[in-house]
Amino acid sequence: MPMSGSVEYKDASPEVRAVFDDIMATRQTDWINNFWKALARDPLTLKRTWEAIKQIMAPGALDALTKEMIYVAVSVTNQCGYCIASHTAAARKKGMSEAMFAELMAVVGMANETNRLAAGYQVEIDEQFK
Amino acid sequence: MPMSGSVEYKDASPEVRAVFDDIMATRQTDWINNFWKALARDPLTLKRTWEAIKQIMAPGALDALTKEMIYVAVSVTNQCGYCIASHTAAARKKGMSEAMFAELMAVVGMANETNRLAAGYQVEIDEQFK
Amino acid sequence: MPMSGSVEYKDASPEVRAVFDDIMATRQTDWINNFWKALARDPLTLKRTWEAIKQIMAPGALDALTKEMIYVAVSVTNQCGYCIASHTAAARKKGMSEAMFAELMAVVGMANETNRLAAGYQVEIDEQFK
Amino acid sequence: MPMSGSVEYKDASPEVRAVFDDIMATRQTDWINNFWKALARDPLTLKRTWEAIKQIMAPGALDALTKEMIYVAVSVTNQCGYCIASHTAAARKKGMSEAMFAELMAVVGMANETNRLAAGYQVEIDEQFK
Amino acid sequence: MPMSGSVEYKDASPEVRAVFDDIMATRQTDWINNFWKALARDPLTLKRTWEAIKQIMAPGALDALTKEMIYVAVSVTNQCGYCIASHTAAARKKGMSEAMFAELMAVVGMANETNRLAAGYQVEIDEQFK
Amino acid sequence: MPMSGSVEYKDASPEVRAVFDDIMATRQTDWINNFWKALARDPLTLKRTWEAIKQIMAPGALDALTKEMIYVAVSVTNQCGYCIASHTAAARKKGMSEAMFAELMAVVGMANETNRLAAGYQVEIDEQFK
């Protein structure tokens, strides 16, 4: 049932529309991507997830682009096709250049490699890191 | 055999010492952490991995701290205890404040959550993201 | 070679047919899904896997629907597209309502989030949990 | 910095104490486990995470024990030591018997196995599951 | 409850003892490692898992050492501390040299890296590989 | 942006062509698969990754086929569709028979299962494995 339950704006309840409106206003876009239309099947999760993301992704001690690239790093590590596509697009929109993307990928790749070398060699945590 | 094969500086071959020296010079420290001492069991992997990391983690289109936080994001996603400890320490040394750490964790947590919501709801990639 | 080696009932050996027959009888269906047709390339793995699943998924201390939802939770966490589709369908057939699906997804998402918060904050296990 | 920043009740701000109080009241306990004490380093994440968990884990279409077992299933799949210990304890407290635990583990193990068989055999999703 | 339910040989039921005896006979050892003593809490899972492993790990088209190294590769990828320790020990016992271990780690590390590069660059499968 | 930035041989810089030429010469093929064409967007990562793979995958203490199967084992565990397809094809080209593939899958599946049983039962590492 991939998209069968996905909710379009025109069919949405006032509760769901309020979230959709806030997404579009916050992002300054005029469309809703499939992730939110799918979550709208469960208005409670839609609202809770959007509010959490709105709070978390707002610029703070880290700027919005850095946060978006961290999102991409996690999504790539988890092999989430949808999230890679959507957050890479979002990062580009926020200013990620081709050079930044290339370096992001290089770090993500290397971290995934050394994570396993550390595990496989059964490396103990240094006192200095505790 | 957690550390049994780990190589101390005093016992290292000239080849391994050269890498250890470069690590300390590059990082401006006077000690080698356990990860590199473990990899030193295989001088080829030690050298290749260090040279790759040195190249990848150098400031470029992304600054060194951003790269270190991306490293933490991947390590946390993979539940690599050693890597979380060492790269969190490295990020702090490069200037990650408590507020930045808190926001980093929040983004990593949320990305791991929505990665699964996207998968579980079987969301299809929007045309706009292709 | 995605499906090239997959085995259809009409082409199956008596050994494979016996497993296919048992699958259909146990599940009260008249067709075999692609997973089993693929495994049939290796009759030993087909038989061992089916017998294990038949034993494990039978109602016991946990009912069949709860087991199926746990299967979905694991499959979503692992980003296994095939398994998400097949086990979500199976759970619906066994009675999972839209509300149950929504709550299942919410728990899976949150668990994936807090798993990383616990790792990233390097939380030590409380004595009370040991 | 595993626990260095963890916040004890006596040192907590009113904002953090309010969350700690709600955790103890909701769970009918008189102590706070390390996870929340660690998150308290970031009051915003503490509050958001607790409120989300409180909402998500409350009995609904799924009962509280089923939700707790799903939490364990995810935590085991992700190899999160802290989460396995804490949520297994929570599930026992909510009534998970040894037999239920054994079946939970069997399903989680098998799902992790077949997730990889489906991927490795490159099984295509059946039309019936779409 | 890490080991509380673990079953020692002297306390085991005849059913569990039969499995323990077969493990020791097959492996030509006189002790049982903690994994099996833990699984013995659920005799059904103990028996099913042992019989599956005995069948799967026996030399066939692949020799026993190759299989053990594949086991290590998976365990390292999943960050399973117990499995890394036990299967690395098993592989050494079956003849894995230090040089073989080093190459195994190098391949596992590199595969984990390129898995993410392929995902992050959203590489499409070549016709030649279908 | 799945393939938009992918670089064809005819459009490649001399630097990228040199890597493409070495890939084809080393593998004795006359085409470049999509992975390398995508990486070519970042010549530095292309060169570093190819040189690392060339070094790591060359026959040594482990033969080329064993290394390729380990690559498949990791890729299957990580659910990397591209990597499963490409490395399964590579392994077949290097001599992996249907029987070897079947045993490889069986080991990978079982290892993924017992990795979770070890974690879920919170099994402590035996002294003998340390």
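Going in written order, the chains are labelled A, B, C, D, E and F, and every chain counts its residues from 1.
The rule is simple: a residue touches a chain if its C-beta (ideal position, glycine included) is under 8 Å from a C-beta of that chain, and two chains touch if they have at least 3 such contacts.
Being a predicted model, the structure only gives us computed values, none of them experimental.
Peer 1: Could you let me know which interface, A-D or A-E, is made of more C-beta pairs in contact?
Peer 2: A-E
Peer 1: On Cα atoms, by how many degrees is subunit D rotated relative to subunit E, nearest 5?
Peer 2: In short, 120 degrees.
Peer 1: Could you tell me which chain lies farthest from subunit B when each chain's centre is the average position of its Cα atoms?
Peer 2: Relative to subunit B, the chain whose C-alpha centre sits farthest away is C.
Peer 1: Among all other chains, pick the one whose mean CA position is farthest from the mean CA position of subunit A.
Peer 2: Measuring from the centre of subunit A, the most distant chain centre belongs to E.
Peer 1: Which pair in A-B, E-F or A-D has the same interface as B-F, with over half of the contact pairs matching by residue number?
Peer 2: A-D
Peer 1: Counting only Cα atoms for the centres, state how far subunit C is from subunit D in Å.
Peer 2: 21
Peer 1: Counting only Cα atoms for the centres, state how far subunit A is from subunit F in Å.
Peer 2: 27
Peer 1: Could you list which residues of subunit A touch at least two other chains?
Peer 2: Subunit A, residues with two or more chain partners: 1-2, 41, 44-45, 49, 52, 77-81, 85, 88-89, 102, 104-106, 108-110, 112-115, 117, 119, 121-122, 130.
Peer 1: Name the shape of the chain contact graph, picking from line, ring, star, complete and other.
Peer 2: Looks like everything touches everything, fully connected.
Peer 1: Write out the stretch or stretches of subunit B touching subunit D in their complex.
Peer 2: Touch residues, subunit B against subunit D: 79, 85, 88-89, 92, 98, 102, 105-106, 109.
Peer 1: Which residues, counting only subunit E, touch subunit D once they are in their complex?
Peer 2: Listed in rising order, the residues of subunit E that touch subunit D are 1-2, 5, 41-42, 44-45, 49, 78-80.
Peer 1: Can you list the subunit C residues touching subunit B in their complex?
Peer 2: Interface residues on subunit C, with respect to subunit B: 72, 76-77, 79, 81, 84-85, 88, 104-105, 108-110, 112-117, 119-122.
Peer 1: Can you list the subunit B residues touching subunit F in their complex?
Peer 2: Going by the criterion above, the answer is residues 1-2, 44, 48, 52, 55, 130.
Peer 1: Applying the document's contact rule, which stretches of subunit A touch subunit B when the two form their complex?
Peer 2: 1-3, 31, 33-35, 38-39, 41, 45, 49, 52-53, 56-57, 60-62, 66-67, 69-71, 73-75, 77-78, 80-83, 85-89, 97, 99-100, 102-104, 106-108, 110-115, 117-119, 121-126, 128-130
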